[in-house]
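Structures for review follow.
What follows is subunit A paired twice: with subunit B in the first complex and subunit C in the second.
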Partner chain A sequence: MTKPLLEIKSLTKHFTSKQGFFSKEKVVRAVDGVNLTVYPGETVSIVGESGCGKSTTGRCILRLIEPTDGEILFEGNDIRKLNEEDLRRTRRDMQLVFQDPFASLNPRKTIGQILEDPLIIHEIGTAQERRRQVEEMIEIVGLSKQHLDRFPHEFSGGQRQRIGIARALILRPKLIIADEPVSALDVSIQAQILNLMQDLQKEFHLTYLFISHDLSVVRHISDRVAVMYLGKVVEVADKRSLYEKPTHPYTQALLSAVPVPNPHVTTQRIILEGDLPSPANPPSGCTFHPRCRHCMEICRTTAPPVRELAPDHFVSCHLEDGDTNGSHT
Partner chain B sequence: MSTFRKRFLANKTAVFCSVLLLLLCLMAALAPVLAPHDPTQMFQEHRMEGSSGDFMLGTDQFGRDLLSRIIYGARVSLVVGVSAVLVSVVFGTLFGLIAGYFGRWVDGFIMRCMDVLFAFPEILLALAIVAALGPGTFNTIMAIGIVNIPIFTRTVRGAVLSIKNLEYVESARAIGASTKRILFLEIFPNVTAPLLVQSSLAISGAILTESALSFLGLGIQPPDPSWGGMISEARRYMELAPGMIIWPCLAMTVTILACNMFGDAVRDILDPRHRGK
Partner chain C sequence: MTAMLTIDNLRTSFLQSGKKLTVIEGVSFTVEPGETVGVVGESGCGKSVTSMSIMQLLGKNVEMSGSIRFQDKELLTLSDKEMQKIRGNQIAMIFQEPMTSLNPLHSIGKQISEPLRRHLGLSKQAAKERAIQLLKLVGIPRADEIISDFPHQLSGGMRQRVMIAMAMACEPKLLIADEPTTALDVTIQAQILELMKKVRDEQGTSIMLITHDLGVVAEMCHRVIVMYAGQIVEEADVKGLFDNPQHPYTRGLLKSMPSVNVNQERLDAIPGSVPLQSEMPRGCRFAPRCSQVMDICHQKNPELLTVSDSQKCRCWLYSEGEAQ
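== the complex of A and B ==
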């Protein structure tokens, strides 16, 4: 393949919380050594349950949260080494689409102002040129010029999400990090927004890093999928092999929970026991072992290495390939 | 904003109080036209008279027209009240934005300073500041302004804390906006509602403090008329000429009530629980 657009190497974010003046510092390992590569033009999804660190990963890439350790290479440059000014310039090329369309637009600004702000901040064009660009962009996302003078509260959730996408696109970025962009919307609206995002991807040659907990949505939009559990990526593969041949027991459990829209097909659900352990006190060895059906002795003591099962299919598990596949159908 | 206007007009208290305040402002602004006499001119042969055709509210112990003095006194009260609150709003907002947004030790430092200011009773602190700076209109404004800074710092800081983690602030950072831009263009417009309510309540407090300072002789200096000063002077002649103390007290009560009720009404209007009604 071509040169990667984004390369994350052992990205780590530890939040420290101090409860009292004399108490010991608690370390929450929200993101614990994540490796991920994103190539230009593709859509990579990060899935996982709430609290697994997928949103934190997204925000670390933009340095909205300062990572504790690791490298984030965007077009070969390490984002973490950039100074304030260079970071500001680089942010033109990577934008964020947010989950909550009600909190992501400033209620005191008109849509026109919201869309023009990025252009003003990066000193692009004259007032007329900016206005023209804003008008163009609002039509691209399927709204009209008349909407520009209105305030966010006059729009529905789906319309607001279109505005959020327009704001992210107006600087013509290369990478869009979409943090659960449709999970706050109705199912019918979800499809519209996803289709819009796919159309825009073709039109503007965008690369998406798509963060979601919804496996059906992920299946619809992604090229490759990374499954996260407790701050670590446990399996990465292209969509096809991941959905057809999930290898990690956690991935298998996740996929078995996806409802099938056919009442005559009965699927065997793999029910995970126990709760997600606290990232402040992760289990020893493989962090998944207390909930794993195939837990072995080695899992309790040693963290599994990352193995390449097939080209571009990576898994981090002690089980040999083929051991678990019989149990999931 | 149009919904705010609609709900404002539907609220009778708000409309009534704003009309009353507007009239008071007009009265203060047009004092030279409205006042029948010069507020410092002494009519020696008409001392401590009741109301009459020439002196509608009577005269004081020097034979000065009470009505004219109350009209001119409104100027002092309103100017001192509004400018003092302006001083507190400007500094309080600035400190509140900085403390709320940056958090950590900046927040700790600013808020501890505010706690120190808060620890003194309002009037005592104002007295101390005026005593240090010396009496006079400007110093009175500064003293009352400084005393009220902590209230605004707290109000703004609280609002900033709830806003700064919202996604639109994060999105501004993702776009590459500077901290200054985020503070003043993204966050500030969203704290104006509590600020407005707090201001109208603080104005009445400031007017009261000014009167108290003038009453104690540390505010506006005679012979310039101020309501507090008039009440102070009238104390000794209360039994002989009750009008001398009644009228300035009444003027002050009406002004303060109007400010307070206006503030309460605006708070009701802006309260999100009433939205969609």
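== the complex of A and C ==
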């Protein structure tokens, strides 16, 4: 069996906030015991709604946010134990692509400088070699050499995202964490970027951790999918079982909520009542129980364990197999 | 029966440092009573400017020509005062960003009461009672308490419900919804779409729904208008649009969407991007990105032609006689 490239074990991030001098400290459980394994060459997606902790998880993996607890093993080494210098070296192998292509490129640098910076920071090559690499990379992502002397504002959203991807790729990393890389883009441009990401994955043997709220995009790009709710992973499975046999009531509701672009189909929609509870004050037991259609007595008091339903299909719910499938088609 | 809204050859231009940028180029369509018409297209296609033109919310440096008729009334020639009587009363609007379109300094109750007092002349007390009713109608729990809350105390979904309550306050005949669910999570979006359908069916409101999400279109709309670079490129009833899209842009749009129900190997992306306002191609505006482009497409912009009973399309592929 292949060794995992990235292994996250009970990753936890609690933000604390103090509102007044005498008030009690408030703890926001943004990420609350997340386990996830990513194998080389695959695309694993984390999907969930705003505030579920998916972006925080992504940032914790790179230690852009210091996790509160847990282990992050990258090629077997715990990233949390590395010192600054070793961490910087490890980050060469794991790069981030950001959501907002307008805010993530320095407006005062040319594209050439933006792409060269990572090489300078990691002390790679001479000026000449770096220039050659930058020129090569800009063409790989579908832009041309002439673009290198321009500034970010001269590009459209889709082009900027290509630049963001080029910057992440220039160090030839093993893992790319892409945080909502296409959600700011129009559909026709989104398709271009998704295709580019798939081509690059094949060409450079990349591993993607793809963070998104868009269930259609996730289905398209992923091999395996993890669904997060209130800081916890509630279901993980390979793409096919997750989309065709969703088991957790939250996954079912999430999938049924996506409007289908087919006027002949009327979806049997599971409408979730109410809003997402605050992660500062999560419900007792299973955190999904106040919105769950199948809520039982035990759900209010005890957090459900993670069970393996089928090989590689994990769910965290008290319901027994098959209980929930009757109502979902 | 007269149409609720008739737009005829609308042109909207912005005047910028002596230059004139025409953003809407000859747009014509109607919205019938009780009908939901979707307007789809990518950023910069002019769908929001169309709606702002109808509401006349574009400010000073704007030139509009053509005609916008609301029932029998021409809106383009109305004075500001007369327009104010219609805005928020007979025509209401829901905006995309519920956070920035509510006033952070006034309580929810005050904001919902405003149109009621202004247009319907209700007393303070009566307006408050009606506001509570409206909040209950849009499914807000504890409406009598929430009414004194401020926008920042509510979640995104709740705020959008408040926006809908506000828009529906005077029982408008026409509702313009500009990306009403784009800023919301899918499960909340499902709640809001459900709510809009309920309100529409109860009050018989006509809706002009602006969105980029074809899933929302399939779910909500009777008829659809596809816009590209300031022009309508296709108009069809909702089934026609999805079953038998005519314009290469519409087809491209449908094919470039990943599906939540089917596994696809690769997406059919439309190459290139939308042309800049200042660099519009001379012929068909979609020609540089079109997979079926012909010589004539680069020379002359095609007309919006009727291709079947329920479908219109702006493309040289459907006007062979002229093309040759």
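Throughout what follows, the second predicted complex is superposed on the first by the 328 of 329 C-alpha atoms of A that agree within 3 Å, B and C clash if a C-alpha of one lies under 4 Å from a C-alpha of the other, contacts with A are read in each partner's own complex, and residues count from 1 in each chain.
Basically, a residue touches a chain if its C-beta (ideal position, glycine included) is under 8 Å from a C-beta of that chain, and two chains touch if they have at least 3 such contacts.
Remember, it's a predicted structure, so these values are computed and weren't measured experimentally.
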Discussion item. Between subunit B and subunit C, which one contacts more residues of subunit A in the superposed model?
Written reply: C
Discussion item. Quick check for you: in the superposed arrangement, does A:118 touch first (subunit B), second (subunit C), both or neither?
Written reply: first
Practice prompt. Using the superposition on chain A described above, determine whether A:219 touches subunit B (first), subunit C (second), both, or neither.
Written response: second
Item to complete: Considering only touches as defined above, state whether A:255 meets subunit B (first), subunit C (second), both or neither.
Response: second
Discussion item. Going by the contact rule set out at the top, does A:100 touch subunit B (first), subunit C (second), both, or neither?
Written reply: first
Discussion item. Looking at A:243 after the superposition, I want to know if it touches subunit B, subunit C, both of them or none. Which is it: first, second, both, neither?
Written reply: second
Fill in: Set of subunit A residues, in rising order, touched by both subunit B and subunit C
none
Worksheet entry | Contact footprint of subunit A on subunit B as seen in their complex | 166-168, 170-178, 181, 186, 189-190
Worksheet, complete the sentence: Residue positions on subunit A within touch of subunit C in the complex are 49-50, 156-159, 186-192, 194-195, 198, 213, 215-217, 219-221, 239-240, 243, 253-265, 269, 271-272, 275-276
Response to the item:
Residue set of subunit C touching subunit A in the complex reads 42-43, 155-158, 185-191, 193-194, 212-219, 238-239, 242, 252-254, 256-261, 263-264, 266-271, 273-274
Worksheet item: What residues on subunit A touch subunit B, complex-wise?
Response: 59, 62, 64, 87-89, 91-92, 95-96, 98-100, 103-109, 117-118, 121-122, 164, 167, 171
